[in-house]
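Next up, some structures in structure tokens.
Two complexes, one shared chain (chain A), two partners (chain B, chain C).
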Partner chain A sequence: MVRLITHNLLACHVKGCNSNNFPLAFDGPQIEIREAEFNSDFLMGFFPKIEWSALVNASRQLGDQSLPEQQPDAENIDDALLKALHHVLLEIHVENGKMICPNCSHIYPISNGIPNMLLAEHEIA
Partner chain B sequence: MIPTPDLSHLTRVDYEHVYEPAEDTFILLDALEQDAAELQSSRPLICLEIGSGSGCVSAFLAKILGSKACLFLCTDINSYASRCTLDTGHQNRAALQPVVASLADPFLERLGHNVDVLLFNPPYVPTVSQDWQSAQFGKSLEGAWAGGTDGMQLTNELLMNVNHLLSPRGRFYLVALKANGIENIQQRMLAFGFASKICLQRRAGREHLFVIRFQRMP
Partner chain C sequence: MPLKILIQFAQAHPDFRIPELLSVAQIYGFDIVVPPKPDVTRPFMTVEVQEEEHARLLAQRCILVKSVLELYASGPSYSHLHTLNRTQAHLWAPYKETPWKFMVTGYRQSVPKTRQREVVEGFSYMALEGRIDLTQPELELWCFEEYGPQDKAPLRPKYDRDGDFICVWFGRLIAKGTARPLIHKFDVKKRAYYGNTSMDAEMSLLMANQTLSAPGKLIYDPFAGTGSMLYTAAEFGAYVVGSDIDGRQMRGKERAPGVLRSAAQYGFAERIFDLFTFDVTWHPWRCGALFDAIVTDPPYGVRAGAKRLGRKQGVPLRDSITAMKDPSTYVPPTHPYELSTLAYDLVLLARFLLRPRGRLVFFLPTVNEEYAEVDVPQLEGMVVISNSLENFGAWGRRLITMVKTEVLDRGPPDLRVRNSEAGPQHVPAHKDFREKYFAGFNKPADTPS
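Entry: the complex of A and B
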């Protein structure tokens, strides 16, 4: 269950890959939608930590159009946005596929909902 | 008393691949339970466990904090363990997010000063350094306990990143053995600006175990 909230926190960490290494691009993602318990306190608390355009792009890659391109101000978050955020962050799961670094093209596979972020020995800083 | 997470879904076969909770696991659970009220009132958002193994500890933390109140990230170098962590999360109605990874590596860029609760029950047994390297490289069960020189080789790597990872009021809980050099660990972290407290210590068989809690000095 790689949720988009987790994807929003993962960057490529190959030795020397220091720029344009986030977000990782999905390749062949197989997704599942699973309901999650709504918690507005958590969403509001997490809101400032989100890399918004990375989240929006990832959600679009997975077929979701509900989030606006621009990150709204924290004071302007209405119920509808909160519900959309809840759905995008927590309910879209990538079960299988790959995440690819836009900079160095390293492939991080996802299988059975778990991403493998390990590097080969020569790639470790 | 918060009940220990349900691990009934894990079998003898699983425990050939993933670390079976033992005294070192339980002392960490006890330390977290002891701090439950403080943990709850600190309102953490992001929890990260390094080396989640069966998922027992993160599932327990999720019971303390509430599964929907936080993001529970779990790394393990062993993909079998990550699978078990995911299943343990489901079994205990905790949305644990396992990632197969070494330490916190893939999160370092995005989680700077953002981890509110950091947990590490490391491979702490002093072993020959070569054994440590091959155990980690092989991602075998031995990697769950073989700690290399002074039992500190992996812990040392994480300690270098605690200052980067921890949020201003974040807490780091570390399980350690007397042989790891408790005072030395505390002194080194003090130099990074971290106060520490020994939450619990107890003898279990031949091991004298400690749980040390680190927080930034005010």
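Entry: the complex of A and C
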């Protein structure tokens, strides 16, 4: 944790920060690879939600090259790609580091796998 | 082929039995017919399923089920029972040659051994020819004598009311309940990490069944605390996500977060999808329709402070960046989150975050004398399918299960602090629950009775 599938679902929620607030950029990420049980139904169920370029960029930033730049069609995902997707979405964990909003620069620190996403007083409506 | 089955329930949480049966039937995709108004003070209930395999599934997954039998006959006396049982020969005759065992048990009264033998002999017309096997029989015939509650007379001799049962039940054991022992596995006292708000094992397992947890699902607890609801949902195969406004609740005092240590103890650390510290009313999810279920015990404001980011109403927020000199030690101000607003907001949020047909399962504390059905937050697109009371006397808590019935994407709800004109108009029994709790649920002098 933080897994890349989760990172793909997080946006900055500071008040007024409504554009260019996704994806959050990693800063100084320390990663761990942990095996996860493969479940193709789960992966295909999430596939429509995934923002592909954000996912690919995040994975490249963490040193993984296995995903193609171009988003595949849901019908054309072969076993090899599904296995790669499984690895990138579920098995790469950012354990420590920071996530930074590209728009307002708010820093969300990650420590021991748990990100602190509380907002400061001046950042809520 | 439909079969009539007899379920022997544990005598705990009677209000939760039927919702659990229906949920488990839905998990495995089978039909079940339950009685419309069962007497839940009694430990037995007859239901109808289409196949024996479905009865086995109930025994494997329902926490409140002790055993499941194919019901052959029942009645207020043995003569009634035998008259009926003789007409059911088509059900038990196929077992004529099978190694068998006979059990005679009393509920609320033990049956003396001599009379047990008489009872068994009373069934001799069944003419079973298989050998008796007390250790590993293929056929177990069970006879339950159900006695009524003891009256308040002084202690009577042990067998004083022997034979005065209200009903006798007879059938073939299909399966003993194997889910109930999970209560021991999840015993909070044996857990690697727990706190004073941790939900007890039995209830967290019942909640997990209400979520329809199964492999491939994603289930979220937005008030995760020490993780009690996460473990039981994960036990049944789902991935679980937890968030809490107080990160210390999930972390504990050691370096490795407590929730992960407990999950590792149970053998499914890998199913903790992710954990977060955030205020769910200021959440970072970039879209809705993410979760198959949301399960939670929200803070009532009694043991755990129910709070959200911001300052008390009327106190202006600081708007300059000097409010946060050192981000690593900064603790944002919070203010109390009154329960009726919290409950309403939870349903609003669930409607956004749930996939269509997803379930919201949460506890709503209430003052029993004042409770009305309309206290449960009403929202278009969210339908209440069960409401089970755990009764503590003056107060109780109700496990509410709601289903998201709409597909519409309304976008994220606006949960900014509202004044009393907006939002729900009806004043529910759980409004200002914390104050009522600490006043011992006594009404103030000027309240009309």
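The rule is simple: the second predicted complex is superposed on the first by the 125 of 125 C-alpha atoms of A that agree within 3 Å, B and C clash if a C-alpha of one lies under 4 Å from a C-alpha of the other, contacts with A are read in each partner's own complex, and residues count from 1 in each chain.
As a convention for this text, contacts are C-beta pairs under 8 Å (C-beta built on N, C-alpha and C of every residue); 3 or more make two chains touch, one makes a residue touch a chain.
Please read these numbers as outputs of a predicted model, since none were measured by experiment.
When the shared chain is aligned, chain C comes close enough to touch A:Glu35, but chain B does not. Applying the stated contact rule after C-alpha superposition, one finds that A:Ser59 touches neither chain B nor chain C. Using the contact criterion defined above for the overlaid structures, shared-chain residue A:Phe22 touches chain B and also reaches chain C. In the superposed model, A:His122 makes contact with chain C only, not with chain B. Contacts of A:Ile107 after superposition: chain C is touched, whereas chain B is not reached. After overlaying the two complexes on the shared chain, residue contacts for A:Lys49 are found with chain B and with chain C alike. Comparing the two complexes, residues 1-3, 5-6, 9-13, 22, 36-37, 39, 41-42, 45, 49, 112-119, 121, 124 of chain A contact chain B in one case and chain C in the other. Those residues of chain A that touch chain C in the shared complex are 1-3, 5-6, 9-13, 22, 34-37, 39, 41-42, 45, 49, 107, 109, 112-122, 124-125. Those residues of chain A whose C-beta lies close enough to touch chain B in the complex are 1-3, 5-6, 8-13, 21-22, 36-39, 41-42, 45-46, 49, 51, 90, 112-119, 121, 124.
Residues 43, 45-46, 67-71, 73, 75, 77, 79, 82-83, 86, 95, 97-102, 105-111, 114, 137 of chain B are the ones touching chain A in the complex.
Those residues of chain C lying in contact with chain A across their complex are 215-216, 218, 239, 241, 245, 247, 250-251, 255-257, 260, 270, 272-279, 282-287, 289-290, 309-311, 317-321, 323-324, 327-328, 330, 332-333, 416.
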